[in-house]
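To keep things clear, I will list the structure first and then write my remarks on it.
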Amino acid sequence: MALSFDRASVDYGGGVGVRDVTAEIRPGEVVALIGPSGAGKSSLLRMIHGGLAPTSGRVVVDGREPSQLEDAELRRLRTGIGVVRQDLGLVPNLSVARNVIAGSLGRRSRFAAWRSMVLPRMPELEAVHARLERLGIGDKLFQRVDQLSGGEQQRVAIARAMYQGPRLMLADEPLSALDPTRSREVLELFVELAGESGATLVLSLHDVELARACVPRLIGLRDGRVHFDDASERLGDDELRSLYRIAGAPG
Amino acid sequence: MNDLRRPFPLGPRGRLLVAFAFAGALSYWFLGLSLSGLLPARGAGDQLGAFFGAALHPAVDYEASWVPEGAPPFLSNVGRAMLETLLLAAAAMSFAILLSIPLALWTSTSFWQRQSRGAAGIARKSKLGRALLPFVRLVIACMRSVHELLWAVVLLAAFGDHHFLAVLAIAIPFAGTLAKVYSEMLDEAPTDSSEALAEAGLAPGFCFALGRLPRALPDMTAYTFYRFECAVRSSAVMGFFGFPTIGYYLKLSYENLYYREVWTWLYALIVLVLVFEAWSARLRRRWVAR
Amino acid sequence: MSRVEEIRRLRREAPRSRFLRWSGVALGALVVASWSDTERWPFALFRGQRVHNLERFLERELVPYPLRNGDRGPADLFGWARDLFAAKGGEATLSTLAISALAILLAAACAWTLGPLAARNLSTARPAEDLQGKPESRAWRAVRGATFALFVALRALPEYILAYLLVALLGPGHAWPAVLALGVHNAGILGRLSAESVENLEPAPLQALRTSGARRSDLIVAAVWPLSINRWLTYFFYRFETCVRESTALGMLGIASLGYWISDAQANHYYDEVFFFVGLSGLIVVVADFASARARRSLREGDKLR
């Protein structure tokens, strides 16, 4: 799925939101948004799936503007976008299988959706199990989500997004709750999964070094503006460091 | 040190205490109470002794000197009354839950929201539903603010004797209470999972049913069980209006001054309530705390 | 092993609680049994003689007296209501409120002094200390158990039955039976709630006082009461609201609350008056409900009584 931002801005009134962001992301590309907290990474991600409308400028996803779509059209667009939220957004007292299946119901008819929630059929369970196994938690299929560890829960959220069969994956700070070794593992997993399915992947990340090591293209955001946008091997230490420099402080 | 800065000799807690004492004294005066009222009524001193004396010897058989031929044993009567109390409570609760669900959904804000556009959550387009909202709120307030015994009085006056009226008398106020509490719980449930489902392109109805409802369900179940306990007590009291629950037999025995039977009925009710309470406490622990 | 078999195995081995399942079955059985008694089915209510009764009730008996005969109109309705309120309703309303207030104050006094005795963190030989591994004092466990059992026993019986027994024992014509019945039942409820809230207190302030040499009584006066008072007041107002509701009904036992006039009118078949007083009772419950909700909200959000 192709994405483009054309002078997109969000004005929260007072605080800095997003200012004049212009960027193109090609289908199948893997991009990390990096920058200090409050730089506008989450707002940018939310504009992509239509959770937030730009106050000026345009965001175009797969040839359409999410904020301009009717509800039904927006929902159709969203079925092709897998989102892994920072808070995961899982239902803790349902089983892993039901959580994963729930993510894919947007594409089904009302009746089929209810049927697969109440009595999931074997082919569905097989597909879910295959995804979970790929993520290393196949044996948790029928466990309640609140009985899993934090890392396992995150994998359930990833499985749910993957099970949608998305052409675009969005992940907001997916590493914030993990220790450094796990962080790298999970980030590599994201990149790998996107590569396998050919989906576009956009993540927001805190850790610049990790992003540079694993993600081919980085967009640095600062105060809601694009600070740099380049392939990671071309980005020098100085540029990365300047992203976090306090405005007005001597270099 | 704080005391030095207080403009008033009493702190907020002291003032509260004074207000409470004043309210208590005012009520005491208004009701025309006197401490002598706490002593047994004239001529009832012996009665009081007899009543509490019987506590240690609850009846296991009829106290009456003459029992009609073929009457079932006393204890089997006790069992039947206990079962009847429980069944009335179950019927009333099941009916109340059924009544409360549409009311709860109607009055909960979250049911009318569509979360597709983020936290702003524009209301779903159902003009009639929203226009009737204040009316539905009023209906709920009326249902739950009239006591179940008063509902029984009104219903019995309207329809005459019928077993369903006991069910309805309990179910109406309980449904009102359940509806209010359910809708509050639904509105206070965490929103992250329903937002996540909206972001995956699910229709608002599914986001509510699969994302929000399950988050509120443990609390709703726990509260329902607590209300079931209350329904057991209410169903026992319904016996005072002629329905065959524990209250009916208790009243009969008390009017005949069969105090040992009275204690049997009291113990039967206590056992019923305690068993139910223990069961629901354990269920709550298993179901909510997991 | 094929994937299907693996899934079947996982489903078999998924953790399930036998207790929860049997509870569900038992509840379902109770509900089915309760409705399998056809005498409980409502259909007979709208057949035969009952329909005529209902019609008469709605068209004649329920209609307020001034509207019933053609000669007077809706303008007299207000006078009718005002007279009823002045003669009976007003005083009964105040009595209802007074009974509830006195009862809930008695209950609170009882619960707030005894509550800490049922709390696991205070009712031990070493209050507010971490008891990991240390043996517990048997005497204190007995105190705690006895207080807890007292609370359970107090709230086991419904208020109406307590009041019914007390009316005969203490004599009719005064409000003590209602006050005591409501007080006893609510003392049990508030007692358990306040014990629970003490158990959920942050241990740090209590431990700090304890290490500086405070006795148990100092601990209760200086820390437990001030720290719990907000929570306790929330419960207090919540139970006050239910007390008002309950005391409207207790009047039917001959105690001077609104219920008294309801059963009086019922005995005379003045169903318009029954309706008036039931409506009035509903109204004061709504008002009490509103006041209690306001009080609880200001406790939650406003100035804390610390």
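All chains are identified by letter, namely A, B and C, in their written order; residue positions are counted from 1 within each chain.
Everything below uses one rule, namely that a contact is a pair of C-beta atoms (placed from the backbone, for glycine too) under 8 Å apart; a residue touches a chain by one contact, two chains touch by 3 or more.
What you are looking at is a predicted structure, and each value in this text was computed from that prediction instead of being measured.
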> When A-C is set beside B-C, which has more C-beta pairs in contact?
Replying inline: B-C
> What is the chain whose Cα centroid lies farthest from the Cα centroid of chain B?
Replying inline: A
>> Counting only Cα atoms for the centres, state how far chain A is from chain C in Å.
In response: 49
> Using mean CA coordinates as chain centres, what's the chain B-chain C distance in Å?
Replying inline: 7
> chain A: which residues touch two or more other chains?
Replying inline: 144, 147
> On chain C, where are the residues touching two or more other chains?
Replying inline: none
> Which bits of chain A are touching chain C when the two form their complex?
Replying inline: 95, 122, 125-126, 129-130, 138-139, 141-144, 147
> Of all residues in chain A, which touch chain B in the complex?
Replying inline: 46, 49-53, 71, 74-83, 85, 87-94, 102-107, 110, 113, 117, 144, 146-147, 157, 160-161, 164
> Okay, in this complex, where on chain B does chain A touch?
Replying inline: 114, 116-118, 192-193, 195-203, 206, 210-211, 214-215, 217-218, 290
> So in the complex, which bits of chain C are touching chain A?
Replying inline: 3-4, 6-7, 10-11, 14-15
>> Can you tell me which positions in chain B touch chain C when the two form their complex?
In response: 12-13, 16, 20, 23-24, 26-28, 30-33, 37-42, 44, 47-48, 51, 86-88, 90-91, 93-94, 141-142, 145-150, 153-154, 157-160, 162-165, 167-168, 233-234, 236-237, 240, 247, 250-251, 254, 262, 266, 269-270, 273-274, 277, 279, 282-283, 286-287
